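Paired with subunit B in one complex and with subunit C in the other, subunit A is shared by the two complexes that follow.
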Partner chain A sequence: MRKNSFLFLAAVGIVLVLGFLLPWMVRNPFYFFVGYVVLQYVTIATGWNILGGYAGYINFGAAGFFGSGVYLSAFLFTTLGLPLPLCILAAAIFGAILGVLTGYLTLRIQGVYFAIATLGLVVVLETIVHNISALGGASGMAVYGPRPPAWSPGPSQYNFTVMLIIAVASVALARFVEISWIGRGLRAVKASEDAAECSGVPTLRLKLLACALSGAVLAAAGAPYPFYTSYVEPVTAFSLIIGLNAIAMPLIGGTKSWSGPVLGALLLASVQQIATVTISSELNILFVGLVLIAFVAFAPGGLADLFGRKPSGGAKP
Partner chain B sequence: MSEIVLSMKGVEKVFGAFRALGPLDLDLRAGERLGIIGPNGSGKTTLINCITGVYRPDRGSIHFQGRDISHIEAHRRARLGISRSFQIPRPFNGMTVLENLLVPLDYCHIDGSKEERARSVLTSVGLAGRISHPSESLSQLELRKLELARALVGDPKVLIADEAMAGLSEGEIDEVLAILLALNRSGVAVIMIEHIMHAVMRFSERIVCFETGRLIASGTSAEIAENPLVRRVYFGE
Partner chain C sequence: MKTRRQFHKLAAATAASLVAPAILGNRVFAQDKPIRIGASVSLTGPLASTKNGLIGYELWRDDVNAAGGLLGRKVELVTYDDQSSAANVPAIYSKLVDVDACDVLFSPYGANLSAPVMPFIKQRDLFMVGMFGLAGNDVAKHDKFFHSGPWGPNSGRDWARGFFDLAKAQGVKKIAIINADLEFSKNAAKGGAEVAKEYGMEIVFNQSYPPNTSDFSAMIRNINAGDPDAIFIASYPADSTAIIRGVKEIGISDKVKLFGGAMIGPQYGALLSSLGPELNGLVNSHTFVPEPTMQTPAIKGFFDRYTPIAVKQGVDPLGYYIPPFYYVAGQIAAAAITGSKSVDPKKMAAFLHANAVDTIAGKIAFNEIGDWKERRVLMVQLRGIKGNDLEQFRSPGRQVILDPPSLKTGDLAAPYNKARAS
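And now, the complex of A and B:
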């Protein structure tokens, strides 16, 4: 096993252990309430980056996948009584299928047209949910989440640990994609689709795979959300702010490597949460906009490039 | 005489009302060095795109090693052994030189260690010292070599070099020619599309000339140089 992989696995192990221990060590549940949102954005940014960062297809429809995960999970839990892990798994599978379908319809177009098409997905899905009474329609639906298990001291802590596991799994998946043949192929597609195809890369299939993986992660990020808020409604679940953050966080952290979206999400989501509590919930969006403009103008490679970090997929001489 | 490795029969490509290529009949023999010349817009790159699968011909058929490949995707043709370089180099920026070669190796199923194979090909084209450098940092000549290395690494049967010497100095042209000749000696058929006449004349066993999508002349370098149709196209005689 390569040294980098060993270090990554060790870090994953430590983070997971902390995720189970911290709820017993930190008494104030508010930190876990806030931490959930930060981890949710780590997952969203990581999922978005698999298609947007590695393959260069800018997806404005992250909220569509997230909202689908939210509603599918809420529906399966309230009507069928499925346990939370199965709800998350079902959301991920649904997200993957939605990703393939969306990809199949939109991947033949590129650039701004692809972005607009994915933006349309959010509007379509939100409108559909608005008109399904079994999902509560425009007024939404209440979701009474599962009782926290014995290994967790409360609902906030439980939601936090569940989101942490999803975030860690997503980051591990993104890292695998990045350093494997999938990531190399996607980066080749990003550089030159014709050259990639003529080098033997099945570009359409690879992009569909990226859509599926990205969609699965984005939908999985939304699956525990109903249990976090106890209430879901379409405007929040399909909020364009989710789509904006999904793009802003990887761009700020850096899109070349799995660490960029993690860094961007940790930074931006934390600052947003602090701004929400200390200043105003509206001002934090202004902050996102300003930071995004600053990075696009002065550090287009994100924090990772600013500090000179190279993609981890690079071979050594 | 060696067997025909690539065969085109009645190939045509039309864009709207504009016939860019054909109808064209053209064969390539195993291990042959074929030069393709013609003025800009004569259909040379369209021909390459039809052979490699970037375009599908509107009519006619293309057979590779006896198999009809007219309607199969470009990446499958690359895996079968049809490889190309691009007129304007298209490195996989964001990757090192070595990684640029690992991409085709990931997908073309070559036996043995991928990294060893990539290093060996990079050494053969004179890029051994640039293995760990990002492709963005390469000079024009190095980019041309990288394009060729990336085309070679998958062990092709046919290599199409699309203006691989454009913009290079005389010394650099000699370097690229030496690479292509060495490759050809290993049994790979090479199609060279080139505007640098002395290079294509030196390299090719057979040259075909195109004008407005049609093949107007075929022969050895000496025959092509004296062909009145070719002289008319190039010199207006």
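And now, the complex of A and C:
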């Protein structure tokens, strides 16, 4: 375990160094625009997996958390002029609070009922934003981002590096949850909530913690988005596509470990981005759909299961 | 010595012969390289009904290339599907500029999709033609941006002013305003309320409704209770249908002189044929109708070619609202390129600021932020519609132009109930 952690930290270090160096090595900004979207989905998938993968609570409301992060960050930046790191932090805290509140209200219900309740969250939040004129309502609000600092060559590269830091931090958090007592508790909840409760696992507290962490990561993923598009409007910020991708990516990659969502997001988001600028017609949606069906049909455990080590006992959940 | 001189000559000749094709070749290459026009089009998603605009782009490209291209170079169109999502727009435009090396950009459709690209073109100082984005350049104020749509200056407030001019002429004192809770409708209603106040009209009812509302009976009763002289409606296709059906069912006061304004839907073939005679009497905004004051050989030629393609692709066979202005966008770009004899954004923009452009939609002059100097949004009244045949909308007299006065082809038939029954 200790050796693994050392390897993980070394990999994190290398990725971060690359994140700062790449903008100076690759001159074409296009790759950073695309890279941003891919990393955004790595973060979203990782955040979703903390509750959906480890605890088995399928959350359809990822877009609600993401959208709140988007709007909070846009609002704080345009009205108070807060710097981007503080906007991200505020979004994460807000996401965690929203997660706890939602969890408290909905965690009594399980399975499909929980999924529908979380879907309702997106509709409620979107309607609220539609009706607040300070947030631009349906017309949206323009956000002219800060000038990039000297260590970054341009705005798209800066957004990319910021998103990379958030993604790496999220993955590290997910890995910590997975290998710590929290993860063991959540796996017990997933296997059998009643049995876990009887064995002394504090299920409600664990689930609320998972909701808070998942909400924080999802909202943090949305915080730099206003600076990426320079403009936010409710339909895109609370888009169903975000919620669907948040589920599809971990499913493709594998929900058991932190590497699953990362792999799934890297694969699916890249395919989507490539399809947008190559196929670029009605066919690209069909193509992405086919990839999804293929994975669900032929690799139900996800990529991580397909290529990872087979469990020695061969036990199925 | 002699051999050395010979060697030098030989070396110089070799160097020259090696370098010359590279220099000349580059020159030839630059001239042969097509001029690339980049655009993002909503082929899928909620705005997919605007994809017939692409036919406008393609017809323009084919026409230009058939006439020998621009500055002796062919024109190439590079388009991507933005899936009607603003989130896809930044990456698409970076691809168009940084990878595809496009010389001219066309914006995505409408204000919400165009907003993400405005800071980008301003920062990189690029040339762009805007597609239907209401007040699209009012925040960025980029001097190399030009609208192809006829919204005119101060469009955020004024684009539907024609409706209120007509109301004022009819002596309207009390007005009701309803709108869908979506970007375009909300802005239309907000601007409308400001203009109504400016004209001293009392707003007796002002309400927005959530998108996907399908039952308007309560709202129509409430409007009737306010006893207005005119009703300004900013709606999207599904609710436009529901409102018109609701009025048919519940009825409306005989005092109402004008009904409509900013309803999206009655511009499209699908809704015109499904509602048919129920649309009689409606006063609504439009961008082009086949009335004698607008019908020119150029635009007729455009629709003669558009219709067969549209039928084949299964998109709106009439295509009056959007496609001609996509062709106009091409003509604006072409005028800028040929007029300035370059693809340098600065020179192109300077030419358009100094010169009016001839297009299939008439002569267009631009102000300093690229709005048409003159608003040319039409207020048309639908009349004499019989049955649900779509072909009747191709003949004049079905969509009579009431405003602007320069294009007027008839007077308002009022009150609404009488016009509706005719």
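Convention: the second predicted complex is superposed on the first by the 299 of 317 C-alpha atoms of A that agree within 3 Å, B and C clash if a C-alpha of one lies under 4 Å from a C-alpha of the other, contacts with A are read in each partner's own complex, and residues count from 1 in each chain.
In the analysis below, contacts are C-beta pairs under 8 Å (C-beta built on N, C-alpha and C of every residue); 3 or more make two chains touch, one makes a residue touch a chain.
This one's a predicted model, so the numbers in the text were calculated from it and none came from an experiment.
A.B. asks: Give one of first, second, both or neither to describe whether A:Trp181 is in contact with subunit B, with subunit C, with both, or with none.
C.D. replies: first
A.B. asks: Is A:Ser192 touching the first partner subunit B, the second partner subunit C, both, or neither of them?
C.D. replies: first
A.B. asks: Is A:Gly81 touching anything from subunit B or subunit C once the two structures are fitted on A? First, second, both or neither.
C.D. replies: Once the two structures are laid over each other on A, A:Gly81 reaches no partner at all.
A.B. asks: Identify the partner contact of A:Ala142: answer first if only subunit B is touched, second if only subunit C is, both if each is, neither if none is.
C.D. replies: Touch status of A:Ala142: second partner only.
A.B. asks: Touching A:Phe33, do we find subunit B (first), subunit C (second), both, or neither?
C.D. replies: Only subunit C; A:Phe33 stays clear of subunit B.
A.B. asks: Once the structures are superposed on A, label A:Pro202 by its partner contacts, choosing first (subunit B), second (subunit C), both or neither.
C.D. replies: Only subunit B is touched by A:Pro202; subunit C is not.
A.B. asks: Decide which partner touches more residues of subunit A, taking subunit B and subunit C as the two options.
C.D. replies: Between subunit B and subunit C, C touches the greater number of residues in subunit A.
A.B. asks: Any idea which subunit C residues touch subunit A in the complex?
C.D. replies: The contact residues of subunit C facing subunit A are 43-44, 46, 79-81, 83, 85-92, 94-95, 98-99, 111-112, 115-116, 118-120, 123, 139, 181-183, 186-187, 210.
A.B. asks: Where on subunit A does subunit B make contact in their complex?
C.D. replies: 181, 184-185, 187-188, 190-192, 194-203, 256, 311, 313-317
A.B. asks: Please give the residue numbers of subunit B that touch subunit A in the complex, ascending.
C.D. replies: Residue positions touching the partner: 52-54, 73-75, 78-79, 83-84, 86, 90-96, 98-99, 102-104, 106-108, 115, 131-132, 150, 154.
A.B. asks: Subunit C touches which residues of subunit A in the complex?
C.D. replies: Counting only subunit A, the residues touching subunit C are 28-30, 33-34, 37, 127, 130-131, 137-140, 142, 144-145, 155-156, 225, 228-231, 233, 235-236, 239, 241, 273, 276-277, 280-282, 284-285.
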